[in-house]
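Consider the two complexes below, in which subunit A is the common component and subunit B and subunit C are the respective partners.
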Partner chain A sequence: MAKHRGRGIASVNYPIGMNLGGDPSQALVHATPTGKFVVTLSSIDLGQGMKSVTRQLAAETLGVPIEDVFVDTADSDTGPHCMGSFASRGTHRAGNAVIAAAKEAKEVLLEVAAEELEVDPKDLELDGRGNVQVKGAPSRAISVRDVAQRAHFKRGKSISGRGMFLVPPSDVDPETGEMNPVTTYAHACMVAEVEVDDETGEVTVLSLKAAYEIGRALNVKLVEQQLVGGAWMGISHALYETPEPYYPDRSHGPTDFNEYLMPGPGDMCPVEIELLERPALDGPYGAKGIGEMCATPPIPAIANAIFDAVGVRITEMPFTPEKILRALDAKAGR
Partner chain B sequence: MTRAVRLELNGVEVAAVAEGGENLLTLLRERLGDTSPKAGCLQGTCGACTVLVDGEPVLACLMLAEAADGKRVTTVRGLADGPRLHPLQEAFMDGFAAQCGFCTPGMLVAAKALLDREPRPTREQVIEAIAGNVCRCTGYTPIVEAVLEAARRMAGRRG
Partner chain C sequence: MRIRKELFADERDDDLRLVGRPVRRQDIEGHVTGRSTFFADHPVSGLLHLRCVRSTEHHARIRSIDTTAAERVPGVRRILRWADLPKKAHNILTIFNFGIDDEPALADGKVRYLGEPIVAVLAENPRAAAEAVAKVRVDYDPLPAVFDVEEALKPGAPLVNEYIGRNWFRYWGDYDCQQIRFGDVEAALRSADLVVSGRYQMSPIEHAPLETNGCIVVPAEDGRFTVYTCTQGLFFSLDNTAAQLKIESNRLHFIGGTVGGGFGGKVDTVVEPLAVLAAMLTGRPVRYVFSRAEEMQVSSPRGAERIYIEDGVMRDGRIVARKIIHYHDAGAYSRLSTYGTIKSAAHHPGPYYIPNVWVDSWCVFTNRTPSSAMRGFGVTGGDFALESHMDVVARAIGMDPMEFRIVNAYRDGDMKAHRKLTQGAALIECVQVAAELAGWPLSEEARRASSRVGGGGERARIPPTPQSRTRAPAAAGRGEPLRAGVGEARRGMTPPPSWTGGQPATAPAAAEPGRREPPLRESERREPPSEPPRSGSGHGAIRFSSVFGSRRR
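Take a look at the complex of A and B:
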């Protein structure tokens, strides 16, 4: 009886958003009379940072300070349509809609500024600090606040924009069956190190090391936060969580969250993550999504590490001590 | 049968009438209007409702409201000093130790109980202190790091 160490590797390709076309998200951007901008969308921030990323995307596209952008995701009944926060789609789908809306609003902003400065809108740029200026002549400038005031009270214009993202439908080739179901994939590779006790069947994850290719990390801290949390959830799926009974029948299964097992803070291993950035052609500033993929690589990596450690293949999640001991017995002909 | 309960909530004397069998969580959230302790599992397994009673961490869903009569109760609302956040709250923000935020009030209160008792905790002590608090988003590591960071900052301020 002994503890055996093993190492397993897993590679993951993960599609972003729902496939085969469609999957729409819309966004609206408008300026208030004081030159602040509001992004309205129905993509919900449930802690993954949708609001922060939306704010960044709108500020970057408009060319205004991030402090001057507010995000309203208050109500999916009354807001612009969005399919929702799922399928790793928020940043990619809603992000593209936010950029489109911000571009249209920026056009109006520059039109009004051009009228005030008596120049061509094409000769204007934002300085990123709250001013519109003539390219090459920054002394000829007007603040975004003043532009908004003139638009509202003098020119009778709404500095606003509409944004829409829709994936083109992919038709199936009747001859070959070929199609293009997905526009963007994210990729990951993970190495898991485990220790398996062949007396108790218990698996301890010693470390997870991974590289994630996610297009572009729009907010590195938010990306890392999701990947570390997802690594924990992957361990949880691999080794703990199930609504099914362990042994011998359903009446022994969990009936509430007291019995639904998940790893605690003491079960968490060190997680090392490297980000690779290869901008996606149709991503917002090249970004893909990491929402669901963050929890998937640990599962096959841990399964492979268990095989490396004790030579048994567990093909059903979670990889419980009971399943490992039964597999070890079968391998030994017991 | 109802019963009047008087307690000190985050430094303020308050009183409310509790139903017989009512738990402290209901008293805090519904009678006293402090919704910062969260109602999660309601069976003492998730830690989201953790509050301090006379300085000790307690699961408010398992404590009878009337048992808090005459006690000092601290919720996460009592951690900040006016507009100044507690070092734990600052460290949680700086360290991205919250995502959905539902476990955060209980985590902060459990961590405060630890730092009050043990100002320079080891990693193992931090893990033990929050072992009764379930988090579904962060993977715990950022929370453990944030508590250790808060302890370092508080030690620095004391000189």
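Take a look at the complex of A and C:
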């Protein structure tokens, strides 16, 4: 009776967005009379940071400080259509729509500023601190606040923009399955290290080490939050969770968190991650999506590590102590 | 966490001002201090509380429903039944003209899974609602149930869903599953040095969000309804609610956007239609929120998937053929499984260049809680199977599993099995970086490999592909014969029945398209359907323009 260590790997890709297309999102951006910006969406913030990442994209594109932008999500009377927050699509689809809307609003902003400064709008840039200035001559500048004031009360211009991003529908050939299911893929490779107790069948995940290629990390903290949270969910899927523990037998279904097993904080292992950025041609600043892929690779990596540790191949999720002990018995001819 | 900026640096501008920075979240203070507003936090007075009577049977005809005692519970205002539904059956993808309306919001005289809602009680407080629910008496006539996807496909299996008309969903008019056909898999399996097969079973999984599914509906003065909801798709749920209630969509005003965890479990739009209907019929604000038990056992889980893989591999590590049968357990109703099945087919054979690929992806109905989307929908189960199998195959040929993946990884310009060229590949680089992180030695050749080099050319070609349409076992006698899987040197686990062929041509086709269970006698029918279930053959002519663009002719 002993504890055995093993390592397993998994490498995966992930399709970003609704498969097969017909996948639209819209955004509206407008300036207030004092030069603050509101981004209006109907995309949903599930805790993943939808509001924050779109805020960053809008501020980057507009060229204004992040504090001057707020994002309003999910009122069907004000927010334009978005398919929804799923399929790892939010950042990619809504992000592109926000960039398009911000570009349109910025055009008006620069037009008004150009009129005020009596220059060509093409010669203007934003300094990222709340001012519009002449390229190469920062002393010739006007604040965004003043531009908004003039636009509202003097020139009658609406500093606003509409953004739309659509992945058009694609046909499916029923015989061959030829289709255009997705526009871009994220990638990952993970190494899991586990310890398996051959007396109790218990698996302890010692570490997860992974490389994720996500196009562009728009906010590294939000990315880390998803990747570490996803790693936890992957461990949970691999070793603990199911509402039907004897699937396809329908009995013994848990109805609360006493019965539905998930790992606690003490079961979480160190997660070491390195990011790669190969920009997606159609992504917002090259970004792909990380919402879903992060929960996937721990499952096969842990299965493969269990085999490496004790030589049994567990082919049914979750990899419970019962399944591991039965497999060890079968291997030993017991 | 570190970013390896030196990789793909030539494809990127790194001069951005805010993008990339760890800007603090706009909503973080509200979240960590517990002051963020979720749907349940909207103070509404005069609420009615909705609670459903749920099936205690997996599959049964309902002989009678007696609500007399329940109606006498103080505080009970109304009990909704199937007869009250404006639309008698619905599926959330039919608003895009895909799929079949196959699910009644309240039982239509039959229950098809444990926990299916039968009637909905509206009461002044949650306690009265619970008490009334306990006093509703439902008299069942149990029917044989089927729980296993492969059992459900066998001739003679109980028919789960009469609206579908068979225990599997037919794609693009006349295909029993979503196929991928790329190259000649059988020939490649015959010429492979080794054939390795495996069977993998993913379990159902609960989303387990902190905030359970729910909504609060408030009738407004102008004839509209304000719906505070935790849906993941605001307009998706709004449009589906309007369709199900047969009202104009602008009578609904959905407010949400801050959600206590979703993971795919808040897309199905199960609570909103009943709650809005209740508000319409009573003129009162209505609250319908799942209990934790309902969230775990009644709200759709990640569907179980069973995956059979057969790989033909050469001694040098190249996989030359991959054949997959992928069963999705949809449970009793379609929800989004019809779509997830297509997505899973397109995901195979994983991030690898394999010149011969054959996939049958099945959407199968069983007598369990309808499954639906969950984080990694159509991908997670497949990746568990594919990556477990990659390990099995690497060991079978005695190759390092990292090197094995690099040898087979797709590269820019490679043709994928769904016949689109690979661009922006980065699997090789991920494997290299992970190997570095883990101190896993790689050969010089593996370290030098690149996703940008070595793809395309011959690998961009679409190989000659023999036609082969897979038929469900029950339908074997009518179409092409099932193809026998006659590879060489097979080993490993038992292949699925449709690979071994030999189905009797005259198999009793219990689940044959169009066939229905004997109708209920009129006397047993308290609420006869006014819109009869469409027969399975009724959707025979769906044009395959796309999931969301297809239409019935």
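Heads up, the rule we're going with is that the second predicted complex is superposed on the first by the 310 of 334 C-alpha atoms of A that agree within 3 Å, B and C clash if a C-alpha of one lies under 4 Å from a C-alpha of the other, contacts with A are read in each partner's own complex, and residues count from 1 in each chain.
Keep this in mind: a residue touches a chain if its C-beta (ideal position, glycine included) is under 8 Å from a C-beta of that chain, and two chains touch if they have at least 3 such contacts.
None of these values were measured; they are calculated from a predicted model.
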{"item": "Which superposed partner A:Met233 touches (first subunit B, second subunit C, both, neither)", "value": "both"}
{"item": "Contacts of A:Asn258 with subunit B and subunit C, given as first, second, both or neither", "value": "first"}
{"item": "Touched partner set for A:Met268, first subunit B, second subunit C, both or neither", "value": "first"}
{"item": "Partner chain(s) touched by A:Gly47 [first = subunit B, second = subunit C, both, neither]", "value": "both"}
{"item": "First (subunit B), second (subunit C), both or neither touched by A:Arg140", "value": "neither"}
{"item": "First (subunit B), second (subunit C), both or neither touched by A:Leu218", "value": "second"}
{"item": "Subunit B versus subunit C, judged by how many residues of subunit A each one touches", "value": "C"}
{"item": "Contacts of A:Arg326 with subunit B and subunit C, given as first, second, both or neither", "value": "neither"}
{"item": "First, second, both or neither for A:Ala74, with subunit B first and subunit C second", "value": "second"}
{"item": "Touching partner for A:Leu57 - first (subunit B), second (subunit C), both, neither", "value": "second"}
{"item": "Footprint overlap on subunit A, where subunit B in one structure and subunit C in the other make contact", "value": "46-47, 221-222, 224, 233, 256-257, 262"}
{"item": "Complex contact set, residues of subunit A against subunit B", "value": "46-48, 221-222, 224-226, 228-233, 256-258, 262, 264-266, 268, 271"}
{"item": "Subunit B residues touching subunit A - in the complex, by the definition given at the top", "value": "41, 43, 45-46, 96, 98-101, 124, 126-128, 130-131, 134, 136-144"}
